[in-house]
Amino acid sequence: MIGLIPFFPLLGFLINGLGGKRISERMSGIIASVVVGLSFIVAITLFGEFLKIGTPLEQTLFTWIAVGKFTVSFSYVLDSLSLVMVLVITGVGLLIHIFSIGYMKGDPGIQRYFSYLNLFTFMMLTLVMSDNFLAMFLGWEGVGLCSYLLIGFWFEDPVKAAAGKKAFIVNRIGDFGFLLAMFLIFSRFGSLKFMDVLIPQQIAQIPIEIVTAITLLLFLGATGKSAQIPLHIWLPDAMAGPTPVSALIHAATMVTAGVYLIARCGILFAASEITMSVIAVIGILTAFFAATIALTETDIKKVLAYSTISQLGFMFAAVGVGAFAAGIFHLMTHAFFKGLLFLAAGSVIHGMSGEQNMLKMGGLKQKMPTTYWTMLAGVAAISGLPLLSGFFSKDEILWNVYSSQFGGNILFGIGLFTAAMTAFYMFRLFFMTFHGDRRWSKEVSPHESPKIMTIPLIMLAVLSVVGGFIGIPESWGGHNFFHQFLQKSTQDATGYITHQYSSGLLLSENILMILSIVAAIGGLLLAYRFYVQRPDIPGKISKSLSIAYKLVSGKYFIDELYGLLFVRPLRNGSELFLKKFDISVIDGIANGSGKVMLVLGNKLRRIQTGVMQNYAAVIFLGVISIIFYLYLK
Amino acid sequence: MVVPLEHVIILSGLLFSIGVMGVLFRRNVIIIFMSIELMLNAVNLALVGFSRYHNNVDGQVFVFLVMTLAAAEVSVGLAIIVALFRNRQTVNINEMNLMKN
Amino acid sequence: MTLSLLFYIISTLTIGSALLVVLNRNAVYSAVLLVFTFFNLSILYLLLEAYFLAVLEIIIYAGAIMVLFLFVIMLFNVGKEQVLPKIMSFQRAVSLFLLVIFFTGVSLFTIQGVQDLHQPAGSASIGNVTAIGEALFSKYLFPFEIASILLLVALIGTVYLAKRKI
Amino acid sequence: MDLSLYFTRQDLWGILPEIVLLVGALIILSIELFARSQRAAMLGVGILSLVIAGGFASKNFGSSFILFQGMVTLNDYSTFFDLLYMTAGIVTMVISYNYLERKGGETRGEYFALILFATMGMMLMTRGNDLVIIFLGMELLSLSLYVLVGFLRHDVFSNESAIKYLLLGAFATGFFLFGAVLVYGTTGTTNFQHIASAITNNEILSDTLLSLGIGLLLVGFAFKVALVPFHMWSPDVYQGAPTSVTAFLCTAPKAAGFGALLKVFLVAFPALHADWQDLLWALALLTMIVGNISALVQTNVKRMLAFSSVTHAGYLCIGILVLNEMGVSAILFYLLVYSVMNLGAFGIISLLEKEEKGVNFKDYEGLASKHPWLSASLALFMLSLAGFPPTAGFVAKYTLFSSAISEGYIWLIIIAILNTLVSVYYYVRLIVNMYMRTSEETLVPFLHPLLSVVIFILAISIMFFGVLPGWLIDTVTQAARIYT
């Protein structure tokens, strides 16, 4: 039964992949959606069963690798953690598949597109449902490959193909960490099964340095997949793919695999304080820096990309401080609202005939009402406006960052500030797109998207609005269903972490909540002022009034101040840190090491002269080296 | 045995080195090939020495087999050289570098 | 004693002719000198009491293989090698250096392990035709058969590659 | 003297596969005597004799024999390799079916006969239990390969790679023989067991000469399997040889080289393996890195695959370093998977090749849209070579690396993993060219049904051994257990 969940998308992949052009455009979309839908139904059924039984469901399909005492079986397991993931993947995935039918209409490679999308779903499900590291790695590699294929889907464009390559290379760096960690785990624990490895008594016997090494290597894998500093560079470029792909892979599912990995191995991670601190700091820094970049980006998808990196940073901060449930909670709500935002952006791009630059949008509210309202829900949710899904999850993270021993005031402060920035840039995006002047050219005629695209939007919007209620904080007297549900999977890990919930804290959870509401609304208002009110005011003011008035009126002043004190240094700093760092260091390492390799390769090439005698001389040199070796021994 | 074993081995080593020198120095494919024969003969000499020293016949049978190989290799080698010469009219090893990086 | 003296004299001749094989520019001279080297080697085999092999050396190497070489040299009519601009190019210098190292290495390894090893005892019967014949048809029966296949392969290959029209 | 003592019924049964191959080769040669261009008949006889020989060989599974007074041993280890060579031989014959004609040559009986002789030589290399047999097997193999590489006699590239291969091969054989002689000289025997017992009983003439001998033997094997710095021949020879021969050249002989090298270390010098650790370590490291970096800059697919096979030899060298049951079984597994991948890859390249086109990366642009199945198979072989799960290439790398990790070679494995990451670049480059580029002019494959079936089977087995490697792992473990 469990095996059916990944089986259906695999089936869909085979049908669409092998059928190729023989399957009509319409049919391939339907097949792809139906198989994911079936998986979703099975997942729901199993969810009910799980609630009844309360113990993880398992199914061993076959023994994969058996060498000596070491065996790895290919088995799927559904516990609360993987159930959440499976529901998100199949549920949000289904909506995105349906959306794609409308979005990709008329594309000549649509069968290929859907087959990749189904393969991706299969791989992602394998990733989250496998009961051992090796099968997880299969999914891990598989989703990377699909992501690569889908980013480069419109391969006629060399820039897009290059983006795919970048994503691929960066992911391989992460995979290196994962593989090595896996070998280390195998050599230390003698097994790769989660059940055998993730036992506190087992871990306690391993030297702490080894645990730290393993977890840091796993974290390296996670940073690669989840686009955290310093391996974040591929995600903005990955936006070259079709927008639904960005929604599914680069927002809702694949990029969260790193968070899932850490949550899954929570016990292991929690055993190493160093790793935990590193994760928390990297997470918050990523959240912060990515948000600053998003402040001034004008490409609608790029804003969302940086916002994704930033939100992933929040999730990492959460798992880094030991709040695994909070991290997964945010992962889930993020899947709702980021999936929604991307799809809505896709709808806008679709309506604008492929235009992605927000400077050429504006005033789309009347033209695309459904998109407008659904996107508003998404923007409000991600900004953390009260009672929406993002509010609960982000708030929980901030609270945990504040109260955990791995967190602290500074991290919390940065987090809160980032939350305010999030509200600002998201509403900026919203206002620039839907309000203000119509800045698009004559040829473009914006139109609302067809039903097949708007219905998924509406459903995701509903989820974004109400999705947070399954995790109402306990300080509200609520009954945090989500926490309790995940407890089974994460309690052992949290056992390691001594939360200082009660003593020595200045602020209570409710006060923090008010702070974050203030931050969110502050950001919203600021954005409103700049991008809805300002455009007509500055012109008048500067014409008729003196500089003094400008200062008093504050419009320009604030704007300038904002520019001077806030945006520019931050942006410069971030540019220095993210973009320049990208180019010089990470790209340097990725491309540079590639270049070094190529240069070395060209050097080696010269040895290969084609003259047999030189080869003989090299062989002879080898003989001499062996004689030397023997002589030295 | 007429001389100490080590003298035979050193002689064989010297002969082998001269063979290697020929392979590394000469440009004419045929002479390179002759030098390889020299190397094989050096090996045979050592084998005979060892065989005599151990007083067992294995070494001499080995020499017999090496000679067979040498004959076979020479015939195939020369055939390849002939085929090459037909197409390229050269036996200079330096000119045989169509394939390189 | 005279025999050992003879051994050293022949050794010197062997080395000398082998060096000339490698160093002179004329392919025909090289081939003839190589034949001379094989004759010397054959004498060395005799001195080491390998009578059968001494005969084989002459028959196979000098008689068959070298004739083949000479034949091909004549066929191509390749005279002298073109003179290289530098007699001692960098590569040659390095190669020579490596050769010296190689030879020194082999000698050192030999001298370190083996010191003045004579084997005076023993019947000289291992070198005669009977002993080798018996070995070939008993213990070495299988390798002997493989050697025949080796020659068959060489035959097939040579005919295919060298024949003008097949 | 009673000859029957030296040639028993058991001996005869044991070498039956060799006899079948010999008879098959002779029949093929005779067919040509009576009727020219009987390509199908010759192919049929060739495949049939390989299948029959394989049948006789596989009868030995589970039992072991010592033949010809210790000259040859038959056991699961040798049988595994026998079947590997025969599979490679069959696939090579199929992909050669009309390849030579497309390159302006002629498919003749000698071609198939030589493949059979080469197979016989390889079988002797891993069956042999005596330096003499190993030597003869290696030369039988080499001689056949020299001719096969130069089989396009009117093609200058083929000529040139044959002469390079021959001269360098003979040069390396010189060192190998010198090593074998020194081993014989110091231990007084060429039989593996006797060598091993002489070493353990310390009845050797000289330690230093013995180690020199082993070192030179290693040079011979290293040349055969193309370890750096003894690899220089391989790219040129792979490029110039007919692609169908390259497919053979880069798979089975490499397996034979590793098989014989392993056997020498396992049976003759088990006591001395520890002395060679550092050298093998360095060889593995150097081979991986140089092979990989050189492969990055290639524009010719055959050269790229040549360097890639050098890199794989580097990984395999790690297994020789480990040399316990897990390591040896990992090598056997790897060799089989490696052979299947490369046979598939070269097979597809050979059927896409026409005159000058088909060997450069550029030629593959836009292939996927015209020939989706073929491209998918080639992509699968490339992904497997790169070590992606769930292909067999991943399982092979994984078992090999974990055997090394459990022996503590962590740094070497870190470098090996980094190398696999780099290697992805050039494998995926071919996939990118096929799938993500377009070109007006694409290659046209010369498919015949048999070839399609063979490539399909190869592709399926890559997936199969990736998803369900259990049976194969059991087999290789059983084979590895013989000597470890």
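Letters A, B, C and D name the chains as they come in the text, with residue numbers starting at 1 for each one.
Keep in mind that, in the parts below, a contact is a pair of C-beta atoms (placed from the backbone, for glycine too) under 8 Å apart; a residue touches a chain by one contact, two chains touch by 3 or more.
No experiment lies behind these values; they were computed from the predicted model shown.
Within the contact network of the assembly, the step distance from chain C to chain D comes to 1.
Any chain bridging chain A and chain C, meaning touching each of them, is among B, D; the list is complete. Counting C-beta pairs in contact, the pair that comes out ahead of the other among A-B and A-D is A-D. Work out the mean CA point of chain A and of chain B, and you get 65 Å between them.
With centres defined as mean CA coordinates, chain D is found 44 Å away from chain A. Chain B and chain C, compared by their mean Cα positions, are separated by 6 Å.
Per-chain Cα centroids separate chain B from chain D by 26 Å.
Shown for chain A are the residues that touch two or more other chains, namely 604-605, 608, 610, 612, 614, 616-617, 620-621, 623, 627, 630. The set of chain B residues that touch two or more partner chains comprises 9, 16, 19-20, 23-24, 27, 32-33, 49, 53-54, 56, 58, 61, 65, 69, 72-73, 76, 80-81, 83, 93, 96-101. Taken residue by residue, chain D touches two or more other chains at 132, 136, 139, 143, 146-147, 150, 153, 163-164, 167, 171, 208-209, 211-212, 235-236, 294, 297, whereas all remaining positions touch fewer. Under the stated contact rule, the graph of chain-to-chain touches is complete, every pair of chains being in contact. Interface residues of chain D facing chain B in the complex, by the touch rule stated above, are 132, 135-136, 139, 143, 146-147, 150, 153-157, 159-164, 166-167, 170-171, 173-174, 177-178, 180-182, 184-185, 188-190, 209, 235-236, 239-240, 294, 297-298, 303. Chain D makes touch with chain C in their complex at residues 1, 3, 5-7, 11, 15, 22, 29, 67-69, 71-72, 108, 110, 113-114, 117, 120, 124, 130, 132-133, 136-137, 139-140, 143-144, 146-147, 150-151, 153, 186, 205-209, 211-212. On chain C, the positions that touch chain D within their shared complex are 105-106, 109-110, 112-114, 117, 134, 137-143, 146-147, 149-150, 152-154, 156-157, 160-161, 166. If you check the complex, the residues on chain B that touch chain C are 1-11, 13-22, 24-28, 30-31, 33-35, 37-38, 41, 44-45, 48-49, 51-58, 60-61, 63-65, 67-76, 78-83, 85-86, 91-92.
Of all residues in chain D, only 163-164, 167-168, 171-172, 175, 208, 211-212, 215-216, 218-219, 222-223, 229-230, 232-233, 235-236, 275, 278-279, 290, 293-297, 325-326, 329-330, 372, 383, 388-390, 394-395, 398-399, 401-403, 405-406, 410, 413-414, 417-418, 421-422, 424-425, 428, 432, 435-438, 467-470, 473-474, 477 touch chain A in the complex they form.
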